[in-house]
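Two complexes come next, and they have one chain in common, chain A, joined by chain B in the first and chain C in the second.
After this line comes the complex of A and B, so read on.
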């Protein structure tokens, strides 16, 4: 099987290429699920529990049903049901306007027996706290243990032992486009659903299953573009299923997109993680042992992180527990658990290096066995100017002794990003010289449509503008859900093979007319020509004109050889800390990310930038605040649940890191978010000597840590 | 958002009479930045919305030898970009420029900025009936209070959200208020009321009254002013803490001064303690630090906002130094 060409042999792939749908997205022409407006469209809205913990005593929707403009009311909860988090669903309405739907929701009378709740981890962990899950005795799960080697011996061999507590708070996904769908029934058992999803086929199957539609292909799910998912948008969800049911009940299409308030409460979040650790290193800086206890919460769902993270440690004792609380369930969040694990691990390593008097980068080089990352550490150090770093926390020429102190820090990433089977792609070469690539897979935002087109253009030796890529529709061939950064490595091989098959058909059809054998023909530079007799050459367009009525069609499926799994990644941060106000400004992030064969360096880089921005959010801003008195989230909005804005953007030095040995493509949507927060925390420490051990690094925490540092002297 | 009647009055008299006869059922709309947010969140559910934009003359801004006369509908962008305000009323221009985002400043008005309601997340939660909404509890006292008051708090611990108000008070501004019976001019400092006075509102405005003008006297010779605002998110945020400082310097000594804090109290918080430290002195880093300490001497933090005490001390110090050009 032909593999990917070397970068030097490519004319389309491997070149920085703007997204095909970029202009449409930038100008507003692109149609998101939010933008689907159909004749007679109704607007749906969900009624949710205002209480963190309550039992429903009664529900009376009669007033709502009679309200003007209300076309359907469906109640899914019933008296006696337990509500276990604020935002849990009770029912939904569809009305002629969104305002009427909102009024109708408020007219449904629900009587609750309010029950005691726990929404803070510290409270949930107390003996005697109200228990969240029915059959449990406490809110702490059984411990999940990782033990190997001999910890006692490991610590005995250590020259330096560092102890510390580190943590990160719960974060939500905050896609700019909220969850939701527009549903239209095209017959009693035929449904079309425009969804904001990272898995059109998983939404299709969930809808078919929930609504009893057979076969599942009677459900069509369409996602031409979507506004972010980050792991929270795999299924139809309550909102998708109830929208379809409302549409059926009202006999009209219904759009149901969540409000920001609902989005923040009920459709996923990233678990928290809080750790106490002892970690030891020998005189050379090699880690000899670690002992850690970790707890975290995913609300009514579980928590847990991969730990120890990245750096192999021989003697380990780690105990992890989930803390259950009356808050919305966690879901996969861009590199699930890894951002938390990275923060906990890299902070502990940094503090160990400082205590041992070793350059933190040296300590990492000593303990990181990955050859790729060894190269990235060194290149990153060069790009950030690591030699400028303050030799001691808060002390050095970079920090200075003025109001703004500068410092450097670093952190590492690891990910798989390989693909899997299932993809079905079709490439059609038309007689007019245009090419159509069709595969049902959605674009979570990484640039799927663009590389699908690029692969076909490369294979056929034609410019990208001659290719149209049609994606995001379940009536096309199967594509995988976008989770685990698997999309590119699952999709690209199938597209390549479909393009190869279409090319083969083209060449077989035109070879006799050109008086050569198909094997002698090649497509390149917009021409179809004989390898052995260059005089025998026609333009690609001319060759296509000679095709039969059906053009040239090729189908392709996945091939393991065209993808690979396993990436490294390293990041360096430079920050400036205002020691008068505790405000942290990220000046620069150097992010090095390998990813197998790089199809489009521009969208590859965009994914690094996006990961870094999200990592800055984790480092400085994102924190779901719950109130233990009311049981409610106090910041279910973008006013007090903050993410970086334009002023928070650093200088990006995002480096698609070439892997000369690569033979296959690899997804990298997730790894670039992993190390940013730790690198920033470590840079703040290097700048000021302030140990801010919990993210987000707020002015309040920085001022406190600065005061602590001054006290220590 | 609940349905409402939208009234476009052709005159100030007509706006006032609509407002006065409807009482609590009517709300005034200027830029709408705050009111629409409250209505969408079901915090305010007026039956009538009175649109001030159809009242002629409310968006006039004049700057002359007497000072500034700013109509309530003048936008924050106009104030931030006005060359005379930037030069002679610097704190006001800086305060206006620090509000929200460019889009908000293009629409948001100075009248709305002074009359906006608190951002306390308990007040803004439809499901929570807190003290400010007629309930009996200020949830901030025992709850999530990282952004609440450390000065002047109790029984409600909101912080006043306005950036322009502290700057205007530092510049000794007054407001003209027009009501059904009378027109009155009140020093802006007296316009805001503590929760101990009336927990349900933040100003002295009575039923049917509208802020019709903001009057800023021309600064005396040697006057400089500055507004410093600390935001967690620089792109778009409320003040964690801020200070508007006005210094009138004579022979390098402070002849007159005002220090007004934002983000720390239920009203724009004038600090006579800090002013007393500064008066008569030449501004040095040490004097500025003492002013900061004096400003926060009576601070009473809640469980999660103690950081505001050292933060505001530093903010006062830095704002005083910057104003003095030290």
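After this line comes the complex of A and C, so read on.
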């Protein structure tokens, strides 16, 4: 079976191509789950525990049930139930307007016996702290150990040993469209659900299972577009299931989208990670040993990071533990665990290099075995002007002596991004010369719909405007959930194979009429023509007109040879630090990312930019603040849970790094988010000599680290 | 009465037209007559004179019928005095371009033009929006005939998931209406009240500057 064409042979693929759904999105016509309006639509809302830890004594919803406009009330918790985090679900209502639903939620009377809570890692780890999980003795999990080689011998061989503590706080996903669905029953056991999800099929199966609907295909899940997920939106969730139940109880369609407050508390976050490490290097800068203990919290869920990260170390002893707390459970993230692992590893490496008196880039080149990243390190260094770097932290012409100090730093990324089996695509060539690509997979904003169309256009030699891509519906062929950057590598091969099959059918049908063998025909440049006799040529449209009523249909499934796994990335940051206020301004980010065969360089670049910007958020702003006194989140909103805005944007040099050996497509939604925070932290250190070892790098932390640096002299 | 094509993306919404939805609500574009299901007090809300004087204060309760000038059309909706302009647009008039994201004036995704100025529609009550000229993202262009700003957003991939896009399009439009030749810094400032989570900012800057250039005929 044919592989991907060389970039130079393409006429559609590999060219920067605006999105097919761009016009709908830019004009406000795109319909998200949040935008579905149906005749008689009701609005749902969920009642949640305001306490981090409490036992429910009683629930009285009678007043809510009698309120005007309230059509359904379902209480799922009962007296005696334990609430283990602020935001845990108790029940839900559906009412004629969202305002009345909110009134009804307020009218439900719940009496709680408030119990002692722990919402900070340091408190949860203390002996005698309230225990979060029923059968545990403490809030610390059993250790997860990674041990290899001989650490004692490794440290003995080291010339330099660096010790340090590093950490990252909990962050929330904050997709702009909150979690939620709009549900309509089309019969006693037939449900249509418009979902804001990263996985239409996983939502379908969860709904069918929770609601006892068989076959599962009686549930139709639709996600034409969705407003961001970043790892938090794979299942139907409490909100999906309760919405369907409310719709059944009220005998009317219901929309239930979470408020921002609920979104921040209950539907996912990225685990924290705090590490103590000893790491040693020999005279050459080769790492000889590392010994680390790591703990992190995913609230009532577990934690853990891939460690050691990226750089292979022969002699390793790593011990990791989860810390359980009375906070909402963590979920997958954009590169789950990797952003934290990168920060912990790259900070430790940087400090080791400084202590050893080696250029931090040199140390990385010595310890990084990946040929692709070796190229990226060198190209990135050239693009950022690494030679301008302050030779010693805080000292050099780039830093200067003024109020604003400049510095450079770097960090690396690694990811898989390969695909998996299961995808089923159908391509239909219609008699009018238009083409329909159908596959159930959702587009979470990465550009899936667009490359599906592009692949068919390329294969059939027609302009993209002749192709329509229908995706995001469970009544179409299976598509994978969008996680782990697997979507493109799982979907694109199936689309290509389906387009090839449709083309074969077209050529077989028109070959006899053209008096040639199908093998002699080719589609290109909007024509169907004979390779051997160019005089025998018709336009694509004419060829299609000769098809039977059914057109030409091709089905395709995943093909391993059209995808590949394993990408590398490197990033460099230039920052300016105001040493009077501690304010960090990112001036420039150079991001190099390879990604196999690049289908659409325009959306590829958007993914790099997007990852970097989320990385800036991690580096400087994002922190879920919990109050240990009240047990509540201090910033369950968007004014105090800050993400980067336009004024924080640096100059971007985002480089889709060509991989000349690539034969398959690879997903890259995740890797570009990984190294940014570490690169910024290392740049702050280079600029000022201040070791800010915890992200986010807030002004307070910078000032503290500056004071510490001065004290040390 | 014009029928919006709100099912462009695919037939999945095809069995629900905007007309059907609005009929069910007893609201919509000015032609709608009586309210079939009104069981509660209905008040006619009058546009507040500017500046409001104490004697002109109108006490509203129950449900109120608001008359709004949206995208050049007179529309009415039966809402509560506390109903925001955003909820009125989205839940009562099926104008869902403006997005509900924070619902408290910190994200900009619900930005609309009120008398040509960008305003967070979640921070304005529908009753207060009467007598004003309201333009939503839908009023700036259609998928078939996009405004220069919308066109530039598509061309430069200034959108990913697209949920922040309407707000940014409206903010950029407002900027270009008063500044034909903005700098990069001007664009950043004009959009500093909007946030994006996917990280489209660099492409939004490119799009706004390209649209300005195109609108100047340069």
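In this section, the second predicted complex is superposed on the first by the 713 of 713 C-alpha atoms of A that agree within 3 Å, B and C clash if a C-alpha of one lies under 4 Å from a C-alpha of the other, contacts with A are read in each partner's own complex, and residues count from 1 in each chain.
In the analysis below, a residue touches a chain if its C-beta (ideal position, glycine included) is under 8 Å from a C-beta of that chain, and two chains touch if they have at least 3 such contacts.
Note that this is a predicted model, so its numbers are computed, not measured.
J.: Give one of first, second, both or neither to describe whether A:621 is in contact with chain B, with chain C, with both, or with none.
T.: first
J.: Once chain A of both complexes is superposed, is A:2 in touch with chain B (first), chain C (second), both, or neither?
T.: A:2: touches no partner chain.
J.: Of the two partner chains, chain B (first) and chain C (second), which one does A:652 touch, if any: first, second, both, or neither?
T.: It touches chain C, and chain B stays clear.
J.: So in the superposed three-chain picture, is A:463 touching just chain B, just chain C, both, or none of them (first/second/both/neither)?
T.: So A:463 meets neither chain B nor chain C here.
J.: According to the contact criterion defined above, which of chain B and chain C contacts more residues of chain A?
T.: More residues of chain A are touched by C.
J.: Is A:699 touching anything from chain B or chain C once the two structures are fitted on A? First, second, both or neither.
T.: First partner only, chain B.
J.: Look at A:582 in the shared chain and tell me whether it touches chain B only, chain C only, both, or neither; answer first, second, both or neither.
T.: First partner only.
J.: Output check: A:35 vs chain B and chain C. Expected answer is one of first, second, both, neither. What do you get?
T.: second
J.: Touch test for A:639: chain B only (first), chain C only (second), both, or neither?
T.: both
J.: Could you look at A:102 and tell me whether it touches chain B, chain C, both or neither (first, second, both, neither)?
T.: first
J.: Residues on chain A in contact with chain B in one complex and with chain C in the other?
T.: The overlap between the chain B and chain C interfaces on chain A comprises residues 99, 639, 644-647.
J.: Could you pull out which chain B residues touch chain A in their complex?
T.: Going by the criterion above, the answer is residues 1-3, 42, 119, 121-122, 125, 127-128, 139, 142-144, 146-147, 230-237, 240, 304-305, 307, 310-311, 314-315, 317-318.
J.: Quick one: in the complex, what on chain A touches chain B?
T.: Those in contact with chain B are residues 50, 99, 102-103, 106, 580-583, 585, 620-621, 625-630, 632, 634-635, 639-640, 642, 644-648, 698-700, 703-704, 707.
J.: Using the touch definition from the top, list the residues of chain C that touch chain A in their complex.
T.: 4-10, 12-13, 16, 18, 20-21, 23-24, 40, 80, 82-83, 87, 90-91, 94-104, 106-107, 109, 136-138, 140-144, 146, 150-151, 153-155, 157, 159-166, 169, 187-189, 191-192, 194-205
J.: Taking the touch rule as given, give the residues of chain A at its contact with chain C in the complex, in rising order.
T.: Answer in residue numbers: 16, 18-19, 21-32, 34-41, 43, 68, 97-99, 174-178, 194, 222, 224-228, 230, 257, 259-260, 444-447, 470, 472-473, 602-603, 605-606, 609-614, 637-639, 643-647, 649, 652, 654.
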